[in-house]
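Residue numbering begins at 1 within each chain, and the chains themselves are lettered A, B, C and D in the order written.
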């Protein structure tokens, strides 16, 4: 991944806009003409896919989406593929029912309902990551709550619920959020949290922008690793951020999201 | 490994076919003419060697084989060398007795009997990986069973037996499966499992295709690491996939093997 | 980061000197003309930023500074950005009040008071690193003291205090050292130590040169990781360096700082 | 390190031979003319330095030497520098008193007496590695013996003593083997072992060839990591190789040292 040349120039974005069908005036099954999202958003979404792969949050599986900035009833998500290989051409548009607006035969992520149902339930959420972020898996299968060990992961201070798919889908699922119903059950767990763990599966991270949700996904992974280590070192006695500290640090971090973003983007995509 | 240029073009495959002796109409000691396997299989097998090395499942040791698609009594395996350096030219053909069909002086893996005896005993198995996958070593030397901690490793739900070479080979082996007899004893442990651990040595992973066996070998390594972490975090209390969940997730995963494969291949071999 | 070409030639240094305003004879708000630091210092400070990023001590956050060699009341520090992207052009100059001497609209690190207050309190300190060095985070949130497990980290023998921001800033900070007052409280913890941990945040490492402080920051991270491992392996029973051994090894190491520096620089910046 | 072009062509070897003074017919202070070692040995020794760095056994510190194949009273060792940067030009020749035979102002490793005293005491040893191999540090500061967890590290079956420098050098050393006396005390610990741990410092690995000692140094690091993990997983109950298994596997491995060597060399030095 590290050698990949930048793929996000104007040309690629134009191609991406075409792929999304924005050049056409209308499409079957929807009433409104498709309008391209801001070029910056498309660029950020592609970079988010590559960054999450480079930083080890996603592997061949996992996905990241963004709500359409001018139509809150739509969102952008790649076709079914490894995030580390996504280019602008691979970004598709979906409605809040999880249906592709211009599918053209492309394969879809089975679990797109994670995104659609969260966007449906929470108007303030504009970006969603689903991953099998390795260090969080142990927290999803034990009763140890994930808590903010340092200021970088202060967004965890709002609580990290665990979604047990057996409660919503019964004892014989394949663990996937493969329907709107399961997506709605998962969305209900989000509440005011930034992260929900999925038992035996992974997590969902939500935010108000692509850069914020990437920041949160990466520091959730790091927090899990460091918390696990600290709990062993301290034999369970660990000082976490207080609620006030977490709330204040969260506000502070939201003002500096671009600082690590530039580094992650360079690592994932090379120099501009 | 990361800098290696693609080695799998048509030319290299042609060379590989020649190396396997497919251009000749017959060879001594066998009755049938050698026919080249599908180019895609040879390409996948070379990629599998490189991917397993790049992803840390194998190091200088370990090997991956595929049953010949048109002659179930033969299988393809590299000459004795580090998997991370294998090219199509290095792939040889073997019979189910572990003998090379066209050796031409090349060094052979001592443990090729792992492959031959498994293919002999299980007609439904078409690909085999043997490795010293680091995170599984601790599970082979303790009594803690390897179990599926998340859906990606749901194939572990069929059980992961441990092969103790002292049972079959006595107390003074060099740990290697260096005979058909030891290979048969190991093969007997496989049964319906996807993975068998070898005490003080490594593991064997089996599958129905090269892509499936690579998927399983990689997620076995990841599962071992995450399970070990979870058992410490939860002080032994861990919720694993149920048998039903594992069986269902296994079927689901088998339909998306190509998604991570494309990523792994890019990492190991660079852009096409 | 690994692919970055050398950025530190004479040209870049000249540009850096210009960026610092050294070409001008005076600047508003200070009485003395700015004189450029030795080219070698500027080069080392840029390399220090890149090395700390490459070696995993800093990520998108963290910073490293050097006291001005000819004016102890000033110090050099990058503008607010990821250390892994810093070039000579990004280095700015600050007074001991934490104010930029020639700001020109550039964003500043909120926590520059860590540096200014340490330089103010300790004339013998000439270089400071602040980081969220991952392996030290668990030691900051438990009561286990960080101690020198081997000679490379013998500088820890002088003791590693933990700074609790609640003591100085009350229960509702955002964890950051965002004022001279908090910086002074943190500086007071330094005393004769090379490292101070900051609860729920990271650490501060001090030294008499850029190369020494980078050495200490890197081996603090490594020591934390190895000590944590050793305490588990030995169930708490670990033989650390004695005070005498630590003091002697510290002197020895200070004579060979250039040996690892050349390696780290090559890794971070490529061949000269 | 990964990008470094091959440095070991005939030209570089010729330069290395010249650097060693082999072109001269005699040199002051020794009676015999210097004769160059086999080109292959010099090439292997340079590769060993780079491999140990790339594989994480050494960092900026540590060293590897080889006994001169035609004069057992001399050995080859780099000048004082990071192993990851060593080229043929940097290899020097030493006598068994630890003195450089043709110093020409070059800086020497303080701890060259580790090598000289081991070569003096054990005629059968032809290669020595000293490192701060990270995963072995915890075993040197606790009472847990390092034992062979799998066949790759079967050479550990001969026992892994721990050298306590306080026994030989008293309570106030700087931890370094900075004299022939300390070197002799350390050498005495070797006996029939392949590895000796040095408390609070690192280890020494010995072998009969450069390739064997590199193999042992790398698998000592891996064994330490896996053993530590296994002891936690099994709560102390771990099945190690028996003495017979270890002895037999050791003989087997010694016949396949070239297999991983080719991989490690490619990783460290690129394609030939």
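Observations, loosely collected:
Throughout what follows, a residue touches a chain if its C-beta (ideal position, glycine included) is under 8 Å from a C-beta of that chain, and two chains touch if they have at least 3 such contacts.
These numbers were taken from a predicted model, which means no experiment stands behind them.
Look at the CA centroids: the one farthest from the centroid of chain C belongs to B.
In a homomeric contact, the two copies may use the same or different surfaces; for chain B and chain D, under half of the interface residue numbers are shared, pointing to different surfaces. Note: centroid distance chain B to chain D, computed from Cα atoms, is 33 Å.
For the pair chain A and chain D, the distance between C-alpha centroids works out to 47 Å.
Taken residue by residue, chain D touches two or more other chains at 2-3, 232, whereas all remaining positions touch fewer.
Working note: touching chain pairs come out as A-B, A-C, B-D, C-D.
Taken together, the chain A residues at the contact with chain C in this complex read 2-3, 148-152, 154, 222, 225-226, 229-230, 232-234, 237-242, 244-245, 248-249, 251-252, 256, 259-264, 266-267, 270-271.
Those residues of chain C whose C-beta lies close enough to touch chain A in the complex are 1-4, 53, 59-61, 80-82, 84-85, 110, 132, 134-135, 137-144, 171-176, 199-202, 228, 231-232.
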